[in-house]
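First up is the structure itself, then whatever we jot down about it.
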Amino acid sequence: MVKMSVADVEAFLAREFPQIAASGDFSVLETGPMSAKLRLNHGEHHLRPGATVSGPTMFALADIGIWLAVLAQIGPVGMAVTTNLNINFLRLPGAVDLVADCRILKLGKRLAIGECSILPAGGGELVAHATATYSIPPVR
Amino acid sequence: MVKMSVADVEAFLAREFPQIAASGDFSVLETGPMSAKLRLNHGEHHLRPGATVSGPTMFALADIGIWLAVLAQIGPVGMAVTTNLNINFLRLPGAVDLVADCRILKLGKRLAIGECSILPAGGGELVAHATATYSIPPVR
Amino acid sequence: MVKMSVADVEAFLAREFPQIAASGDFSVLETGPMSAKLRLNHGEHHLRPGATVSGPTMFALADIGIWLAVLAQIGPVGMAVTTNLNINFLRLPGAVDLVADCRILKLGKRLAIGECSILPAGGGELVAHATATYSIPPVR
Amino acid sequence: MVKMSVADVEAFLAREFPQIAASGDFSVLETGPMSAKLRLNHGEHHLRPGATVSGPTMFALADIGIWLAVLAQIGPVGMAVTTNLNINFLRLPGAVDLVADCRILKLGKRLAIGECSILPAGGGELVAHATATYSIPPVR
């Protein structure tokens, strides 16, 4: 039912997004029906003063996570582009690895909408929650 | 653990929000730890052309639902005010009753943040999804 | 440059959305290049306790206002559907008429995105601000 | 009327956010009554494939820009924390410097809400638009 396995997604990232792949910042943990899980392997450059993972890092984690969940369903055919992302920051996570648990709410021909819960990889309370919309290009 | 039961919430609405209570538009189905469920009993005035529940109706359902989930936790002490609501409309629901399944993501002293999934009362796919922020007044 | 004048928009509403038109709740004040202005003529049913215009009413004002700004540019060809609306409530307006000052941020073939500032009709500080996305159906 | 000039804001960043200040990624162009302007001086690490400034970079530009607009009004007293950010991506900007034109919509004692238009520094159409909410800590 899922068009791309974890290995497929990683190969796709290495080919099309070498910067993200080479950074080692993110690990794809899971792709499933209407879902995906992405891990942030945090480093110094993801932190802001107070030794806590920064907002832009959590934004990137949510955005890439939901986008990969979409790609896992439709396959690597044409690029989906983020048109809207709304994120609520709930608690300062500290300097820890994070997991984005992503779920597609609607997969249409032209638009995909998903949500993402960001949690500490080692367990604990919800750190942030995002919803995002992607525009899916027409099939050529 | 929950400070207000369904009966408490209904009594509170009848006292403080007689218009909402008297309209019969909404039924409180459930209050629980960090959650609440609210039903829309739809009528002609909730529909827009195409015979489908209108956007403002779904907005109200999500807003009241998450707000009641907050009140159920903190009790009827002072008014929480909506400061932000973000809603994604996923599918046209048609002319049906709807259920708002609401969950609090963070309950702070000053802010509460929650999410809400809107589904057909009779079952079926997700119709809309919202997240909202409420400002909680200082305890006097 | 604008495909629909105020009179065109009002005729369109009367034909396609008779409930909105007949209610007298809203007056189209202006259509312009990438913009529109819509007025709420408030009544008892728009107020919530505390004698202030309700959230769902402001949601409807923003949603209809931006949607009319889009229609004024593309003409009454096919229905644009709201897919996302994000609203920030800034101040309680009281029991007053409101004006939605709407501006299109992007008008694409498939998506239109706009913003809306809601102000007291008689002047005063910003009451609410919204951004919304509309899906534009393919031309047949 | 403004509590912090451009020089004040830059000194504050150098002291409290040395990573941001040292990166040279951002230049504060202006602080004014309820406003601020921030420039992105783009580099290779801000781009994603297709040679266009990335989403997380625009998120950071909007978030820091509105936050500095708030600080410019209230002074460097205690940290304001982002609680919500909603961003609409309108057009791919390409590999160019960007300017975030930020305006505060409401400055309360507990919450500040602002908006931000992101434009190419060299002129051209709107690239992205964001609104954000900040929680302002109680004065000690």
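When the chains are written out, they are named A, B, C and D in that same order, and each has its own residue count from 1.
Just so we're on the same page, a contact is a pair of C-beta atoms (placed from the backbone, for glycine too) under 8 Å apart; a residue touches a chain by one contact, two chains touch by 3 or more.
This structure is a prediction, so every number in the text was calculated from the model and none was measured.
Note on A-D: its contact pairs, compared by residue number with those of A-B, C-D or B-C, agree for more than half at B-C. The greatest centre-to-centre gap from subunit C, using C-alpha centroids, is found for A.
Two chain pairs, B-D and B-C, are compared here, and B-C has more C-beta pairs in contact (counted per touch definition above).
Centre to centre, using the average C-alpha position, subunit A and subunit B are separated by 29 Å. Taking each chain's centre as the mean of its C-alpha atoms, subunit B lies 33 Å from subunit D.
Centre to centre, using the average C-alpha position, subunit B and subunit C are separated by 23 Å. Those residues of subunit D in touch with two or more other chains are numbered 83-84, 86, 88, 113, 133. Residues 86, 88, 90-91, 105-106, 113, 115, 126, 129, 131, 133 of subunit B are the ones that touch subunit A when the two sit in their complex. Against subunit D, in their complex, subunit A makes its touches with residues 16-17, 19, 48-49, 55-57, 59-60, 63, 81-89, 92.
The touching residues of subunit B, counted against subunit D in their complex, run 83-84, 86, 110-111, 113, 133, 135.
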